[in-house]
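Below are structures written as structure tokens.
Look for subunit A in each of the two complexes below; its partner is subunit B in the first and subunit C in the second.
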Partner chain A sequence: MEALRTKAKELLAQGEVQVVIGYEAGTAGVRRPCFVRTAESAIRLVWDTNCIGNLAGYLTRPEIKRFGKPAIVANNAVLRSLLQLVAERQLQQDAVLALAVAQDGVVTELPTAQAVEDYLAISPGGLSAADREKMEHLAQLSREERWTFWQRELERCIKCYACRSSCPMCYCGHCTMDCNRPQWVSVPSHALGNLEYHTVRAMHLAGRCVQCGECGRACPVGIPIHLLTCYAEESVHRQFGQQAGTRAKLDYALGAFRPDDKESFIR
Partner chain B sequence: MATTLKISAASLAALFAVLGDAGRRILGPAEVDGRIELKAVRTLAEVAGDQIQPVLSAKETAFPRVERLLSYRMAPGKVELQDYDPEVQPTVLFGLRPCEAAGFNSLDAVFNWDTRDKFFNARREQLTVVGLSCTQADDACFCTSVGGGPGSTKGSDILLTPLPEGGYLAEILTERGEALKDLAPALFQPANGEDKEAMLAKVEPSFEHQGLAAKLPGLFTSDIWAEQSLRCIGCGACAFVCPTCVCFDIQEEADTKQGQRLRCWDSCGLRQFTLHASGHNPRSAQSERWRQRIYHKFGYFAERFGGPMCVGCGKCSRACPVDMNLKEHLTQVYEV
Partner chain C sequence: MAKPFEPKITAFVCNWCTYAGADLTGTSRIKYQPNIRIIRLPCTGRIDFMLLQKAFARGADGIIVSGCHPNDCHYSSGNYHARRRWMVFNDLMEFMGVDGRRVTFSWVSAAEGTKWAALVNEVTDAVRQLGPYTEYQRLIGAGVA
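On to the complex of A and B.
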């Protein structure tokens, strides 16, 4: 943690970055996002095993962008998000300085997307063991049982959009859910509205989800909604052989066309 | 009106059966897959004991997340309109914390301020609130800073306070509470001077709400709102779990032949809340939306109704994905 504070202090003092996006101590042991803009306040930064939130969503927010060049304290989920944001042309290759912190507190500066790619190649991270188990459990259920499971879960959805707001890949300024001319997706949080919202969101994240689980953590009523987006992502991985958050140059699997596509209907 | 009685745990369990026989639905905090939710319960044993409060508030029982207001069908040369009366049944809200119970006072004020809202009132009139004093609090709680307290009677029809030797003090506070007690008067005994205060959780006040309200007009252009809201991700979790937030949006679900009009929860924290048809948004930044939330609850509402639109339950702070702790933020504003 000291190494991180020292590094942040140094970067801010030398003007290499204007803001360090990191974690600070919050309520009752919670680690929450903070935005350090002066060398003196680098002392606010903390790093421990509770720093699990994905901070990458802030990289595309106008309130944060206006500070200038950011450094971001990065767990693997942040790094995968960074690559995907570069792949989707939301960030330049060298627009963000990632500060990867290892278990022992050693800070590695990753100034470019290439450096992030190399770092992730060694330890990619991904779904937690508990989530992997839940995914496998769901996969073993019959279609009817899965349908019942999701109906029961989505019944609790209050359409607060915390899942969308917390997702680093949900950066659209004007989301399909908010379109009302025409109204694509039913707004009320009744059975149909909830089902449409979460299915459309999962489809929009298929091939783009970095499997950080942030949407599931953000849900106030405890819907494991990340399992749906992760499932969609893995389905794309299986069928198209590419995975979001692994490369800085990555075509969108569901939007790219290749003349040598193995499916005949598309040629 | 208020009389203080006692009820033993066994008698309280028996009261559940009496209520059931009298056709009352009982909703209480119960454990579902490790979460505490307000659920239909039949017995006292189903009610979760050692817990602060459910994630969602009880406002849904009077102000549901989706309320159908009317529907229509177009036939050649005419439009058939259909009005609705909400389907309601007599309901006992059991084990509501005093903060949440007090939340109904805010809802009552708004839904009866100029027009008596038919839907809200039809549901509300069927509710009897049996509050349960708090013997524990957490870091999100701040009832004592906004005029409430762990044993506050505001909003409850009956307030129960657990006694160390078992059983509860039962304060019968309103006619509805009296009517509930009268279903089984023999289950209650006279109290004999038990010290209610000694049972309650200690919640130290963090700020003083009148002082906070007085401060707000001078802080409209302060940098504090932008600073506090930097980590806010702009979702509606805080408003939707809040027992006093009342904003709604009217949605029309229609095709060319028929449709229905629905009232749905909305939140001032969402970008679209103030988005004009022209594309202009008078609250275009999250900092402005955060400021609005604070000003509405602690300034504008207080001016109109004489107290804050906040009961200090802390649900928003617990639900927030990025720990926007309201008590902490309000204390900071108070101390500017």
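On to the complex of A and C.
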């Protein structure tokens, strides 16, 4: 933690970056995002195992961009998001200085997307063991049981769109959900609209989801919605052999094709 | 006396192959079951999965999605893009528990009038067997479609 504070202080004092996006102490042991803009306030930064939120979503926000060049305190999920944002041309190769913090508190500066790529090649991360188990359990159920499971989960959705807001990949200025001509998905939270909304979200993140699980954590009613996007992402990985958040140069899987793409269900 | 169940089938087809193929079926005087509502779109590349959702939300019991065979697209690559999208959507539907037997993807060319008739008959019979898609239609009552 000390190493992180010293590094942040140094970077801000030398003017290398204008803002450090990191975590600070919140209430009841919760860590919340903070935006450190002066060397003196670098003391606010904390780093421990509670720092799990994905901060990468702030990188594309206009109000944060206004601060100037950012450095970001990064766990592996943030690094994967960063790569995917570069791949989707939302960030320049060297627009962000990533401060990768290891378990033991050692800070590694990653100034370019290439450096992030090399760093991630050693420790990629991804879906947690618990989520993997849940996903495999669901896959083993019958189709009807899966339908019941998701209906029971999704009926609790209050359409607060916290999943959308917390997702680093949901940066569209105009979202399909807000489109009312035509009204693709109805506004109130009811069974049909909820099912449609979460299908749309998963489809729009297929081939783009970095599997950080942030949407699932953001959900105020505790629906494991990240399983949907993660599943769509894995479907892309399995069928087209590419994974979001692993390379800085990556074509959007559903925007590209190979003439010999193999499927077995089209008659 | 209650009428026997007749399925509503929505077909999303591309203008250049399947629509022309369906036209050929008609001009060839081949008869097939009348349960189908054909919706013509410029290209399979235009057939968004949200259109399929809308069809179910409006009470369709079955859906057919059809376009040009690979390599035959009028816009050269629309069906390749569509195929990738269907591959992921099909997978996701399965994971969410949507009944995959109610959505049929197919390639029907402008020369395949008989294939179209056979496809529609086959799908209509299969969906008639399955019965109305109550699982989904129950959701419609819960709100505004």
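Heads up, the rule we're going with is that the second predicted complex is superposed on the first by the 256 of 267 C-alpha atoms of A that agree within 3 Å, B and C clash if a C-alpha of one lies under 4 Å from a C-alpha of the other, contacts with A are read in each partner's own complex, and residues count from 1 in each chain.
Basically, a residue touches a chain if its C-beta (ideal position, glycine included) is under 8 Å from a C-beta of that chain, and two chains touch if they have at least 3 such contacts.
Everything quoted here is computed from the prediction, not taken from an experiment.
*Asks:* Taking subunit A as the common reference, can subunit B and subunit C both be placed on it without clashing, or not? Answer clash or fit.
*Replies:* After superposition on subunit A, which the two structures share, subunit B sits beside subunit C with no clash.
*Asks:* Answer with first, second, both or neither: which of subunit B and subunit C does A:34 touch in the superposed model?
*Replies:* A:34 sits against subunit B, while subunit C stays out of touch.
*Asks:* After the fit on chain A, how big is the angle at subunit A between subunit B and subunit C, using C-alpha centres and going to the nearest 10 degrees?
*Replies:* 90
*Asks:* Where does A:139 make contact in the superposed view: on subunit B (first), on subunit C (second), on both, or on neither?
*Replies:* In the superposition, A:139 contacts subunit C only.
*Asks:* Applying the document's definition of touch, where does A:265 land relative to subunit B and subunit C: first, second, both, or neither?
*Replies:* Touch status of A:265: second partner only.
*Asks:* Who touches more of subunit A, subunit B or subunit C?
*Replies:* C
*Asks:* Answer with first, second, both or neither: which of subunit B and subunit C does A:171 touch in the superposed model?
*Replies:* A:171 sits against neither subunit B nor subunit C.
*Asks:* After the superposition on A, what does A:119 contact: first (subunit B), second (subunit C), both or neither?
*Replies:* In the superposition, A:119 touches no partner, neither subunit B nor subunit C.
*Asks:* Quick one: classify A:188 as touching subunit B (first), subunit C (second), both or neither.
*Replies:* Touch status of A:188: both partners.
*Asks:* For A:199 in the superposed arrangement: first (subunit B), second (subunit C), both or neither?
*Replies:* After superposing on A, A:199 lies in contact with subunit C but is clear of subunit B.
*Asks:* Would you check which partner chain A:252 touches, where first means subunit B only, second means subunit C only, and both and neither mean what they say?
*Replies:* Touch status of A:252: no partner.
*Asks:* Considering only touches as defined above, state whether A:221 meets subunit B (first), subunit C (second), both or neither.
*Replies:* In the superposed model, A:221 contacts subunit B only, not subunit C.
*Asks:* How far apart, in Å, are the nearest Cα atoms of subunit B and subunit C after the overlay?
*Replies:* 5
*Asks:* Overlap the subunit B and subunit C contact sets on subunit A and report the shared residues.
*Replies:* 186, 188, 190, 193
*Asks:* Enumerate the contact residues on subunit B facing subunit A in the complex.
*Replies:* Those residues of subunit B that touch subunit A are 33-35, 55-56, 65-66, 138-140, 226, 229-231, 233-237, 239-241, 249, 251, 253, 262, 264-265, 267, 270-272, 285-287, 317, 319, 321-323, 325, 328.
*Asks:* Please give the residue numbers of subunit C that touch subunit A in the complex, ascending.
*Replies:* Against subunit A, subunit C makes touches at 49-50, 53-54, 57, 70-71, 77, 80-81, 83-92, 94-100, 104-107, 119, 135, 138-140, 142-145.
*Asks:* Which positions of subunit A touch subunit B when the two form their complex?
*Replies:* For this pair, the touching residues of subunit A are 26-28, 30, 32-35, 53, 57-58, 62-64, 158-162, 164-166, 178, 186-190, 193, 214, 217-218, 220-222.
*Asks:* Using the touch definition up top, name the residues of subunit A that touch subunit C in the complex.
*Replies:* Going through subunit A, the ones touching subunit C are 138-139, 143-151, 176, 184-186, 188, 190-193, 195-196, 198-200, 202-203, 206-207, 228, 231-232, 235-236, 239-240, 253-259, 261, 263, 265-267.
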